[in-house]
Amino acid sequence: MSDRHYPTAIGTSDATSISLLGHDLASEVLGKVSFGELAYWLATQRRPSPGQLRMFEAVLVSLADHGFTPTAIAARMTYYSAPDSLQGAIAAGLLGGGSRFLGVTEDTGVFLHGIVTAQEDTSAFTESDWDDLARTVVHSAKAEGRKLPGLGHPVHKHADPRIPALLEIARETETYGPHLALFEAIGRVHPDILGRTLPLNGAGMGGAALADAGLPVDLLRGFALLARTAGLVGHLAEERVRPVAPAIYAEVDRNAVYTEPVLD
Amino acid sequence: MSDRHYPTAIGTSDATSISLLGHDLASEVLGKVSFGELAYWLATQRRPSPGQLRMFEAVLVSLADHGFTPTAIAARMTYYSAPDSLQGAIAAGLLGGGSRFLGVTEDTGVFLHGIVTAQEDTSAFTESDWDDLARTVVHSAKAEGRKLPGLGHPVHKHADPRIPALLEIARETETYGPHLALFEAIGRVHPDILGRTLPLNGAGMGGAALADAGLPVDLLRGFALLARTAGLVGHLAEERVRPVAPAIYAEVDRNAVYTEPVLD
Amino acid sequence: MSDRHYPTAIGTSDATSISLLGHDLASEVLGKVSFGELAYWLATQRRPSPGQLRMFEAVLVSLADHGFTPTAIAARMTYYSAPDSLQGAIAAGLLGGGSRFLGVTEDTGVFLHGIVTAQEDTSAFTESDWDDLARTVVHSAKAEGRKLPGLGHPVHKHADPRIPALLEIARETETYGPHLALFEAIGRVHPDILGRTLPLNGAGMGGAALADAGLPVDLLRGFALLARTAGLVGHLAEERVRPVAPAIYAEVDRNAVYTEPVLD
Amino acid sequence: MSDRHYPTAIGTSDATSISLLGHDLASEVLGKVSFGELAYWLATQRRPSPGQLRMFEAVLVSLADHGFTPTAIAARMTYYSAPDSLQGAIAAGLLGGGSRFLGVTEDTGVFLHGIVTAQEDTSAFTESDWDDLARTVVHSAKAEGRKLPGLGHPVHKHADPRIPALLEIARETETYGPHLALFEAIGRVHPDILGRTLPLNGAGMGGAALADAGLPVDLLRGFALLARTAGLVGHLAEERVRPVAPAIYAEVDRNAVYTEPVLD
């Protein structure tokens, strides 16, 4: 008996009205809340401040597309095979949102959050305090042979152009907080300790910025997936008009080389 | 040889810059373009007017969540089974975005668009002209036993509260065009012909409004899926904190009734 | 109240036993029923005859793999992006199982079944009767500009090597019936009517053979998907040891060409 | 240049022949290899012995269905929403194949394999040797607060009926090896150490048995997914004829309770 109770704070409706997050959809939400704001609100059940919203939208924009990634290729190949099911092609593209390609945002946010919340109080930290903390973090990662998430990029080997742009928005919107402070400090101190300079990357910065903008770190992958859905719709819109999947298929099929078993 | 050419107008990058839709991501896009605007731009490779953008975001907001739909239930059940793979739960929720639950937006847009583009020129149409056209459309659907997409709602039996709100936004933003005009006309004329009054529904209205806002009708399902991704992130955020999937599973499992074969 | 009733004939269990399809799993099913037989039984809730089973397994085997198809490429790209989620990579591969690549089996079965069931009684049909029926079918497809499903193959331009092998098994197992008879007749009569000779293809033959083996035509896509799951596990097993996804990604990424917008 | 080389040992074809795993499909595989055998062969690139094949098929059968699991519910809800896309419903069902519901098979196999391969040579182990090893394993899990995979079942609280059946098949087929020996030993020794008796479960036993039958432990989830695909086709075949998804949707929708925000 007691199981037949399915609580939700998201939405409800009756014959004459629809309520979303406790507000009347028709009179209080439609036309008054941007899609980005609704996404933030749905994920946190809390409305963003204007600054948080602007930072959130900027990060979504920064994550929406990365060109012909493996996930975009998977979505286009799936659309080519099953053009009747757009939802299948988008789902296939999102399913690559795991540890390797879309995971950096989440990994970086979770990593920074763990360190930040383990400090007593960082509100009075100076840049030098953050550098001290960052040195401890980098030394301990080095000692344990762990990689630091959010560092390095295969194309932007020296500097990721999203970094200064996102930092500027964080400052403007007054959402710059401990996650970004620690992330920047790691960027400053790691060369001396690791013996080489890795640029902060945009995916990691996105995780730090979202955490400072009030979003829960264990859902950061969800925001990367939301952003990527917009990118995938774009790829499939283009695939409809000027497909590349047939050429990719032909390339692989024609250059396939049949070999002896390799698994045993 | 000639196959090894994979064209795209979406994005490109080199060691020092990222370009998205022909603009420099860092200096021209980040912080200057909302997530909704980027989604429109990616899907059409054309920037929306301010009015088109406002209409587009309003429709996305209207489609983002519908409570415990079958797709939200599927996403929550999947998250319960595989909490390690948020992307799998979101993909499972999107996979229900087919003909029955998310298809109305696309079906209505495609249906209206087919009729509108078959007319020579509707720019001088009066309400009475639209009513005449709508009568032809409804008569012919009735004669062929076809349902009219976008009419009727299981809960909002008399009036869908999203309809006046979205129409008002269309007029304010000056995006009200032939798809909405024909949709409204069908709403006015069908009771006399069909012998009963069905309300225009919000999903269908979304399709008409997106078409008038300059979005391609054969991608309308993609926008419904984008909107729904935000809703699914919300459902999974809530499922993490206060799950309902175990109660649904228990309800079904405990009330399962084992029967004789039914398929043969 | 009356809704809280979830009937199934598939399985049930209590503290000491598990029942599957009305049989005790431990004593009557495990070790006594092959996986192929169980798949047939689950889909039809009826046990196959030995001949039906042999034909069913042969068709599954014929559909399991087709090399580097777009679906295999999508699965490998997804595994490359998210190696932590094998289920996501298999799901991505199956999502291409739509109208273009895996649909032929279902389309052919449904097409033949529609014609066969529209005949009064075909049990005494001679080859000449089937040829007459096939001529009507091909003429009408030609008149309406419809393609005949199951004809033609991009690689096996003259003859698909699976055709004689599957026909021989159908005869040996005494499952050869009206669907295969009509399919073969279409193969004989179409050249005179269409003015060119297209080989019967293996995917279409699979649909005809499954229908004659007692499987419901509206689930044929499901069997193609089951067969393909085995193939996808094989591709991912190989991808783990000797990946090709990084090379495909590199090929596409390096040869991407950035262009002007094409959608508008 | 060197990237344009996509090797595979799975299959190849030309205008007149298809080769699968180095054998001619038409003359050497079709009708001669069962679907289960092909699945084994594809996953390992090695043909099973008759005993290995019989054990493999028995485990697939044991994993194919578990009634109204969350994954079966997700697949049925998805089919209800999008009946036009069978592949989407099957994919949604498989996406629950993660850590909680389908992961036990893989987790148990990987866990046992790690211990077995860390021993120098177990070929002369007596039951008493296995018990000694199992005691070490259980003590160390207890000390570290880790759960032992493959122990305990929510329904079969005292004994899982699949266990004796699968063990008997392992002995008959002479595939009983170190993984099953260690798994049985853990079943014998854990009550004294943990202070309570948990039954070995069928999913865990499946992992041990597949490992002893020569299958790679890091692909065990793939076999669980293959088995489950057959079960999902069965659920969807039944859903088509006698749906339960509408009743589940109605149950949840009618008993939804709208609450205050819970996330913040």
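We just call them A, B, C and D in the order they show up, numbering each chain from 1.
Simple rule for what comes next: a contact is a pair of C-beta atoms (placed from the backbone, for glycine too) under 8 Å apart; a residue touches a chain by one contact, two chains touch by 3 or more.
Keep in mind that what you see is a predicted model, and the values were worked out from it rather than measured.
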Partner chains shared by chain A and chain B (touch criterion as defined above): C, D
Distance-maximising chain from chain A - centres being C-alpha averages: C
Copies chain D and chain C - interface residue numbers shared by over half, same or different: same
B-C or A-C, whichever has more C-beta pairs in contact: A-C
Chain B and chain C, separation of their C-alpha mean positions in angstrom: 32
Whole-Å gap between the CA centroids of chain C and chain D: 24
Chain A and chain C, separation of their C-alpha mean positions in angstrom: 38
Junction residues of chain D, two or more chains touched: 4-9, 11-12, 44-45, 67-68, 82, 84-85, 87-88, 91-92, 95-98, 102, 216, 237-238, 242, 244, 248, 251-252, 256, 262-263
Pairwise touch network: line, ring, star, complete, or other: complete
For the chain C and chain D complex, residues of the former touching the latter: 3-18, 20, 25-27, 29-31, 33-36, 38-39, 42-45, 54, 57-58, 60-62, 64-68, 85-88, 90-92, 94-98, 102, 155-159, 161-162, 164-166, 168-169, 172, 216, 218-219, 221-223, 225-227, 229-231, 233-238, 240, 242, 244, 247-248, 250-251
In the complex, chain D residues that touch chain B: 67-71, 73-75, 77-78, 80-85, 88-89, 91-92, 95-103, 237-238, 241-242, 244-245, 248-249, 251-253, 256, 262-263
Touching residues on chain D, where the partner in the complex is chain A: 4-9, 11-12, 19, 21-22, 44-46, 82, 84-85, 87-88, 91, 95, 216, 251-252, 255-264
